[in-house]
């Protein structure tokens, strides 16, 4: 093994991998990565090989000295790794499709990361991430776990509460908001600075700055007067909010409209998972092409844009002790005074060799405080349910979630989730047997 | 004027008044009330006279030395009062009926105290209670204001945040829960002790004790296995909650069922306000009967049972420096660690000559924390909206309320509320003109 | 064994025991104590027998059905006990004398419970109380531990942090302040109510009420204008404090004067321990007298007056689920917003079958906040030092204590303490060997 | 007036000014300062002219386009200023000498910024800083106030609590600690990063990093094994502290030794103020030399090294929206969970166009928590005393300060302070007349 950095990417057969490889290639001068282990499971072997092939061609073309190691042996990959990144999906897209369809049956939002769908994904993912962390604790205790697996906030909080692994959660929503606003204004993204406050997939841009000047009001005025599809909110509403919501807020503020959209899609082209499945199939066809040695354009349609950028920037700042500011998911520890210390928030952090240090926030305005608090209570209950297989907490988690909000539906959805995911929920084995 | 206690009851023409009079009569040996001023407005003059007549007959029959003073002059009533009690209803039952019907138009719960209906009632009531408090500050600065006007928590918080008046908020829900549990168990109510935690009309019995023994689990087991109409929750749900919800929780946990019920009533017998209007008409017919000199049985159908008991117990404990424990609405001041200091909570307090001192609670479980927090954020926004006529906060208040939870509906409901209540919303005069 | 309550008193050979026995005798109608186990160690056997003899004569004279069981077998005493009370003194009065003399050597206050002396006592007591608690956890897990062993706050916090035992800490300082103020005013003590806030031996009467009326200012004015030896503070100081300090505050506010007094005593009649030793000797002579069958007058000189009253009131209110208000040492849990949740405070609590529930306090005034906080930090460090034998924390505990406040003296005092108490500090065995 | 930045320096006749001028000259390419107003009072006119002369020569020699404006007209200087810096000293060095000597009379530390001396300085400075802020509010409401006047934390907190002025407090202690550690290690200062936590002149280096690696333990081991005069602490003490104290901690941890030193100096060469007076005299002789056109070497002996660097770095980062990390005094707002929101702390902040944003800290270790809390309580009381002329709070402030800690001495020192500073304490006019 060379003496550069070792990266282990769990879920390495993912269609996202080429973006990540591209990111490492571009940063090779400051981030001396020498070995990338792409780990997957038996069922993903074919995809893993396709992706690894492309990765090797990309590396070769770039002329950089990075070795690609596709493997089904997770422990080998983790051993001595400097950074472990996660982008796996327990149960693959079929499970996601079920996550989307179960809540819809009961008239509730069915979404991959938010609401009852995200809840189901969390229950499936928690046992696996804990297992990975046991490996890290044993085989590379100093490694940083950069989690991208959704629901990213919940998974990161699970790791920080229940393991000793150093973990930072990532999401491409904040960076995408920044690019989106830069686009609207027609300026370079690095001139925009957003004060992010909230949770993963429930993050607001509290203030937005252009070259250090507060442009929040101007921006809202502008957005509110246009019919931008990315900001599907009424004028009065945005003006009264005085902040910039993230794309996932539509599920909360426009629940009825989103539900209608989802129901129509479910009966038409299919849920998002079903659509993505087709996109992925096409993508992998592309990836197979042995002439392809760059990230294909089509990947951007997949969603998850800027993921590689976020991940590589984070790893670079940790490695180089850079002390720049990035929005990540990390321990609250009092940064938001209105949330418990031991929960994970998504906010601007100073990133250095010691990890992510939130810039202090203090109290948050009532307009967003309650929503953040109720979703965080849901997340905490979900983590307890996922770690201990606790049916009571699982039921309460769903019952208080703003996108379920019915004791009876919560129970029915929960029972469907437990039944349809029985192969992935070892923690509920007693209840399910 | 005699040298006993002077009570001023704002909204004295209410059908509740006979219960209050009965309460004072029963406590005359420890609580030497000498003068009760029943205050009402011009429109309520007829009712006031009827009620005052009955009150006088009750006092006479009891042979106690209490003088009843019906008056339209609020300042005369307040001047030098020892206790001011409030039970007025701005806009009368017609306004309440509108509060119930507007949200229903948009598929949302329409309820007197909770959700968009309670919000409208708060906007109407806030200017009046502030006006009353200005009088108290001037004319009887040492008086205690015992608020029973709904939404009681919001009104009490308004007074404590925006005036110097000493105020405690009352509600008959906690005492009714206690009587209800005693009934279920077939024991005397004073053997039951409930640890109340929450907000007005959103209060849980965290633990329930019989003769000092924790019977919460047993009680839930019992309730969960019976189909008690007061506890319309599924077995699994109550067991997972591990606490006793209050009657108003049905609007939150069983929103769909309650909405269906309300819509059916609205199309059938009428909303609750419309039903109560008929009950009240009958009641006042009774009250007119000059032979009647006790509280008539029919009052119990009106709702608000045990109100008199709660109010008189509270006044007695303040007057006698009793240091007993009563559930009231008072300043949080850190009692619940998960809520701001300056908000009002409903919980057990030691009552003495200095007022209400909450028994410390600390952190509350995740199962109820998020719901309490989001409703409290709504309440704080509502108070700001009500005091300052702030449209933005009004819109946000509705948009985050779990019973509205849609930015667009929030705006439509708000516009209807402002329009239909324009005579009662001086604080919004600019927007409405 | 009869079916009344079983009490186990650790340190039963103490001279205080007759007062405790008297308390149980007086309360027999509401508190049906049937068996009192007086536990002591081999070295205290003779005293134990003397005290047990007197206790038996007292019980007999009173004609109550309480059985006295003197024993050296602690486990027998604890097994199945309803209440365990502690009044033991590790190392006896000789150790206390050393606690007093070591700090004096370095020009620091030498006091049994406060400062470096109290620190030494804590180190000796912690291993023993933990041992007792292991027995309780095993043999009477539902028993209440009523701790009177000093430093009572530190010992109670140790139990609540490091064991599962239900524990309330007692001190006679608060009740003595109440009696003292009643004396000054010439009224019955039960007409006085004090809002206690603080820590054990660092408690202030924030407000004082007579029959529910706030008399704090009047009282301070009165005290400040007299030269009461119990209130040895300057007029300006008390007026600026606006609260009533406890007797132990002299060590903090009048350090120089107290040090002078202690140094003079140490060279003259001896330290307090040395004086008490003589008093105790005389007391036990009295106790031996087989004609004596009541608590002798002379006990009041011993200090610790009202201890029995405090202990018996507390046990009675727990047993009878009384819900009255008593000042005790219990978990903060947010009652004082300016201290951590998991520390012990001394304040008014509602006492019932579930234990002690602090009346909420919120933030405390700056005048006393800092002092409470620094002493609490000292206490937390002392507990960690005492439980884990942690030299670093021990040194820091002393270095930040306001009565030591010198890094160098702290080290010298600590070394003397460790050396002179080596037989009682098993947790420091490694360092001491 | 040119279109560059306008700086107003209050106390412009200070001997520090040449360092500040040098700083602006060195940064002219990124920080386009065009006008520096040096403001002083009538008594300081001569010094002001000397300093302004030197400043003009420095600017000329550097060939930069900065105009120096010496003036006695503060309002002219403040009007339209971009940055106002303060380095004035109310009562000049004579007042400082009195601050040092009064406490010594009573056996207490007499020091310019800490203890009773710093308290007196605060009382004198508060009315003046409030006056300056009224001017800023009126004449340059968008200006940043960069406060260097001591006690810097107290003065900054006064401004943030009692005015609308945007203010950041500076001190050269943190930067000096960084240089000191770099010196000890023989590395460049910019490779050292210190996690500062605490208050002004009571700040600890919680962790120290070299190139991103935690070297705290190694550093302590190194320091503890050497007899460095800058780290005058015993080996055991530093090891048990596990942090790096600042130079002012000697007053707290080594009170006796420092007191002895001060008393000897007071009887010998004079107190620090008296020594500095001589140094200043010599300095001003140098400054007068019309051939001098650079900052003279001798200034470094004066104390306050790196002040210019700290001030200019701060101004530059605000102006350029730099988002780098600097240790400054700013609002806590929850950054340290163990202190009130509205107090000022000294810690690492991200500096940008919006000011200083603390990196979140959370709870602080018990070893330093209590000391910080008690000194902060003292500071809050001092501010109230200084703003309102409140004798009671003044007395309490001194009585709880760890360097006074005696109710009687507190009163005597306070009376001396009030009497000897009567010309500078308009807020106490009633008491003093």
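We call the chains A, B, C and D, going by the order they appear; numbering starts again at 1 in every chain.
Definition applied: contacts are C-beta pairs under 8 Å (C-beta built on N, C-alpha and C of every residue); 3 or more make two chains touch, one makes a residue touch a chain.
To keep track of the chains, here are their UniProt names: A, B, C, D = 6-phospho-beta-glucosidase.
Nothing here was measured: the structure is a model prediction, and the numbers come from that model.
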Touching chain A (6-phospho-beta-glucosidase) and also chain D (6-phospho-beta-glucosidase), the following chains: none
Separation of chain D (6-phospho-beta-glucosidase) from chain B (6-phospho-beta-glucosidase) in steps, with touching chains one step apart: 2
Length of the line joining the C-alpha centres of chain B (6-phospho-beta-glucosidase) and chain C (6-phospho-beta-glucosidase), rounded to whole Å: 45
Chain centre separation (chain A (6-phospho-beta-glucosidase), chain C (6-phospho-beta-glucosidase); CA means) in Å: 55
Contacts with 2+ other chains: residues of chain C (6-phospho-beta-glucosidase): 363
Chain-to-chain touches, reported pairwise for every pair that qualifies: A-B, A-D, B-C, C-D
Chain A (6-phospho-beta-glucosidase)-facing residues of chain D (6-phospho-beta-glucosidase), complex: 193, 209, 211-214, 321, 323-325, 333-335, 337, 341, 350, 352-354, 357-363
Residue numbers on chain B (6-phospho-beta-glucosidase) that touch chain A (6-phospho-beta-glucosidase), as the complex places them: 233-234, 236-237, 239-242, 252-257, 338, 340, 363, 366-367, 369-371, 373-378, 380-381, 384, 391-393, 395-396, 399-400, 402, 405-411
